[in-house]
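One structure is given here, and the rest of the page talks about it.
The letters A, B, C, D and E name the chains in turn, as written, and every chain counts its residues from 1.
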Amino acid sequence: MLGASLKRLWHKLGSPRWFFSLTTPWVTFFGWSAALLLLWGAIWGLAYAPADYQQGNSFRIMYVHVPAAMLAQSLYIGMGVAGFIGLVWRMKLTDVAISACLPLGMVVTALALFSGSVWGRPTWGSWWEWDGRTVSTLVLFFLYVGVFALREAIAEAELRARASALIAMVGTVNIPIIKYSVEWWNTLHQPASFSLTQKPTMPSEMWLPLLVMVLGFYCFAGFIVLLRMRSEILQRESNARWARDWIVRRGFS
Amino acid sequence: MIRAALVREWQVLLRGRGTVINPIAFLLLTTTLFVIAAPDAMTTAADQSSAVAPGVLWSLVLLTQLLALDSMYRRDFDSGVLEQTLVGAQVPFVAVLIRIFMQWLSTGFIMVGLVPLLGLMLGLSSQALPATALALLLGTPALSLLGSIGASVTVGFNRGGVILALLVLPLFLPTLVFGADMVISAQAGRSVMPQVYALSLISLVALALAPFATLAGLKISLEMQ
Amino acid sequence: MIDGATLTPQPLLHATALSCERGGQRLFSPLSLSVLPGDYIELIGENGSGKSTLLRTLAGLHSQFTGEYRSQDALYQGHRLGLDGLLTPLENLAWFAGLEDCPSDRETTLDALDRAGVLVKAYSLCSAMSAGQQRRVAMARWLLSSRKLWLLDEPLTALDASAQGLLGEIIAEHCASGGAAICATHNPIDISNKSELILQADKSGARS
Amino acid sequence: MIRAALVREWQVLLRGRGTVINPIAFLLLTTTLFVIAAPDAMTTAADQSSAVAPGVLWSLVLLTQLLALDSMYRRDFDSGVLEQTLVGAQVPFVAVLIRIFMQWLSTGFIMVGLVPLLGLMLGLSSQALPATALALLLGTPALSLLGSIGASVTVGFNRGGVILALLVLPLFLPTLVFGADMVISAQAGRSVMPQVYALSLISLVALALAPFATLAGLKISLEMQ
Amino acid sequence: MIDGATLTPQPLLHATALSCERGGQRLFSPLSLSVLPGDYIELIGENGSGKSTLLRTLAGLHSQFTGEYRSQDALYQGHRLGLDGLLTPLENLAWFAGLEDCPSDRETTLDALDRAGVLVKAYSLCSAMSAGQQRRVAMARWLLSSRKLWLLDEPLTALDASAQGLLGEIIAEHCASGGAAICATHNPIDISNKSELILQADKSGARS
């Protein structure tokens, strides 16, 4: 009973039209939550949280850096999962999801790298240190670039979808192995000047705003991904009646 | 089918003799170039306080693999042998596995035999040579297997080489790290068992993943025509 | 045993409402067909009507289609012949035989090459053969194959007059012995008992 | 004819957008991998007593070029554009020259812009960066020109990649030596004029030699069909 | 001015005792021919008799031959069409025009594509076209070329019936307007005023 209805839901999810109407309220929800959370977290973190006794105010970069780094990984894993579903169940929607996650993921990864190296300047004394997490983030960026280059190279949509799904999936399987190996490498060779792996014992006034920011980043990602997916769906379905109807209704209301 | 496929691979290997000699020559040549370009790296390595040589060795192994991978399926793709394999073979899976195995034999496996020479050129300590050979033996299958996935997806592109590199080099990273680390540990006289396990694990994961993914990749490439 | 079985033999290929797509666009109006042993079908259509795509679909090399089909293992011959240039015809044919797991020995292989008119080239590399000679080697391969259903894309290409005649003979023999063939071609092949399948552009312009 | 050829090169560059981005990504990726594999090489370089970084930088530039060269004429060869060029062009020589120039623009020239980033990754001293950029600007034309000869001869082979490497890497050696030396001199605060002259000379010799040799090589390749 | 010039026009191609070689082996017995404006010559011979090699030789792409020939710049069309898959037909044709330094504008190019029946594909990439459509684009290119001497290797390949008819027309027009064509083909092309050149295996078996 439950299984059957779940299965029906699953197949419905694969239909662009159903997905489109399902997600209409979610866009608004994610959009507003992201705006509120980001604003709240930013004000709290930047203005009210106490300065770090060692790093002074430069630690506030954390409120961008940590959420960006977390989101960067999540988005790639999201792409891999979408790829897996797409390959196994042949859903067209998953490619829309990949094409929405990819640019955002690249930007967010670049943001994590950038904010990390801006932060590294005052704390490490250099823009870049070869450390476990920096390397795994950098490699994550290259994984994104690989999928991007692949998508650029294939003209036919259907095949582009399958190829990038396959490569995203393989990359996702390898992410834990890469992370593990890089951390191992780091502990052996480079006693880091500043260890990222040891959780700094932060006072709650410092990490609560961080939590808010992380949530805000995820809502923002949800908002962007849904928005991009929906416009992509409209474009791909532009011949279908429901899509035209929707555009017309939006145009007049 | 297995016999016919093996026979063919063997004949092609003999006909295009370059397949075997070229990776060897390339590895030796790049090593030479590297030693010429950065002689100081090796001098430091010679006193064993530093560990540049293992990293250089593994980097060059990776590049050699990469160059060899580029042509892994190209001939078969262009001539139509690939589509015949997928249409005609009872179990295309086995054909792919054989192909990967032969690719490994003609690159990774052969490199193992070069270890003494490379060690000499790069100034590896002789006590590290057996471990280096073992590291290559355990690590290079992962390179061939994971590389095969990338090669299968890019075989239809004429500019495949660089995209292939972008796709597979990140996947090669764990092998590189553990492989280089194993040589360093051996040089320092430490136990290499952890790295042996890690490299074996990576190769096994790759073995489980690669044939299916390669098959999927080849199907996609064939549909591009 | 059962009477019905002898009356209606198992079709080698059965397609219902099949239409191929490229870039989300239907190529031809859906077609249904059933290919029985003995059938020879000439696939006809203008340039770009989707003949090659249909054959690739039936061979399992193209997955963008609507409708359904069931088919036996087929022998597919596209524009790329599948001959390895580094091998001799003999070696190539041995590999083909291995692929389909059908027995092969040098005698029968040489016979097939002889019939296809390329016996003299049996021991030279396929890369050093003319276009037509390579096609003839591919024809020798059909002779050796045990597959019932042949899917041939423009098999007349590059063949000289004698080889074109031979091609007709080979296909006719294959059909007479319980096989079937679908040939995409622009010039009719000289076979007495043929049916034509004409691909027509899909007027509906429907996107899936 | 020149205009039509340039237009075509430009269109192809835009269509296969990867052509521009991929060499950059490849260079950054291999640099990363190298640093990961041999972190000590960089540590030594940072105190400037050693000179590993320039050699590594130039080796990686060579490899990037090599990978890009492999596909330099392949598309044109496979599609028949090459034979049409040789049969149809009033002056095939010019067509070849344009091809080489575009190849350089999309690899060597772009790499010059990457110098600051590469310097950061490899720990080059910032005073050496302008000289490094100049060295690349003067040296990479020689790589494209000499590489083109090798690419023209090997374009007919399906396993071209490795053979190409064997043919051209030795030709790259002088550029590598003077290029790396220029960076080392700049790091040490010495004058770089000798190397500037040397690199310019090499590129000029290559310019005089390469188009003719390439043309001859292409003719040989076309006759192989 | 001089009378003789009008009586015997300059030959577009003049060959004496020409024979091509592969691997030091003569492919056909030496032939001499002179191609005058207006000539259409059908090059005939069994598979492997050396037709493609002869055409490549005349185009300057094959240098292993004995004997001599002089020829004007030619238009050569081999098995590989010379279309860049990353470009559209329009862009490809513009490049061809540039190659031969003959003027080209979008109007005439579109007209040529229209005549060849691939106007609808003018703006899509050549890699996404069927075999016959690509051949048609190549035919459009002949229309735009200013070369007098055409060397065509199996031009009928992959063309449907209407395109085969068109091919005959185009060649006939070209010859009527002072050009000449040599076509290697196995199926006769429908042109009224043809002469046949039959390649025969070299019996002498001489190695050079």
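Note that in this section contacts are C-beta pairs under 8 Å (C-beta built on N, C-alpha and C of every residue); 3 or more make two chains touch, one makes a residue touch a chain.
Owing to the predicted nature of the structure, the values given are computational and were not obtained by experimental measurement.
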### Query
In this assembly, which chains make contact with chain C and also with chain D?
A, B, E
### Message
On a CA-centroid basis, which chain has its centre farthest from chain D's?
### Response
C
### Message
If you average the CA coordinates per chain, which chain's centre is most distant from that of chain E?
### Response
A
### Message
Count the C-beta contact pairs for A-C and for D-E, then tell me which is higher.
### Response
D-E
#### Entry: CA centroid of chain A to CA centroid of chain D, Å
36
### Message
Nearest whole angstrom, what separates the Cα centre of chain A from the Cα centre of chain B?
### Response
32
#### Entry: Mean-CA-position distance for chain E and chain B (Å)
46
### Query
Counting only residues that touch at least 2 other chains, which ones in chain E make the list?
79, 125, 128
### Two or more partner chains touched - positions in chain A
139, 142, 145, 149, 153, 156, 182, 185, 189
### Task
Among the residues of chain D, pick out those that touch two or more other chains and give their numbers.
16, 18, 22, 25, 29, 36, 39-40, 75, 78
### Query
What are all the touching pairs of chains?
A-B, A-C, A-D, A-E, B-C, B-D, C-E, D-E
### Task
Would you tell me which residues of chain B are touching chain C in their complex?
1, 3-5, 7-8, 11-12, 15-16, 75-76, 78-81, 83-90, 95, 219, 222-223
### chain E residues within the chain A interface of the complex
125, 127-128
### Message
For the complex, give me every residue of chain E touching chain D.
### Response
59-64, 73-76, 78-87, 91, 94-101, 125
#### Entry: Residues of chain C that touch chain E when the two form their complex
22-23, 45-48, 52, 79, 117, 121, 128-133, 135-136, 154, 157-164, 186-187
### Message
For the complex, give me every residue of chain B touching chain D.
### Response
16, 18-19, 22-23, 25-26, 29-30, 33-34, 36-41, 44, 50-52, 54-56, 58-59, 62-63, 66-68, 70-71, 74-75, 78, 158-163, 165-166, 169-170, 172-173, 176-177, 180
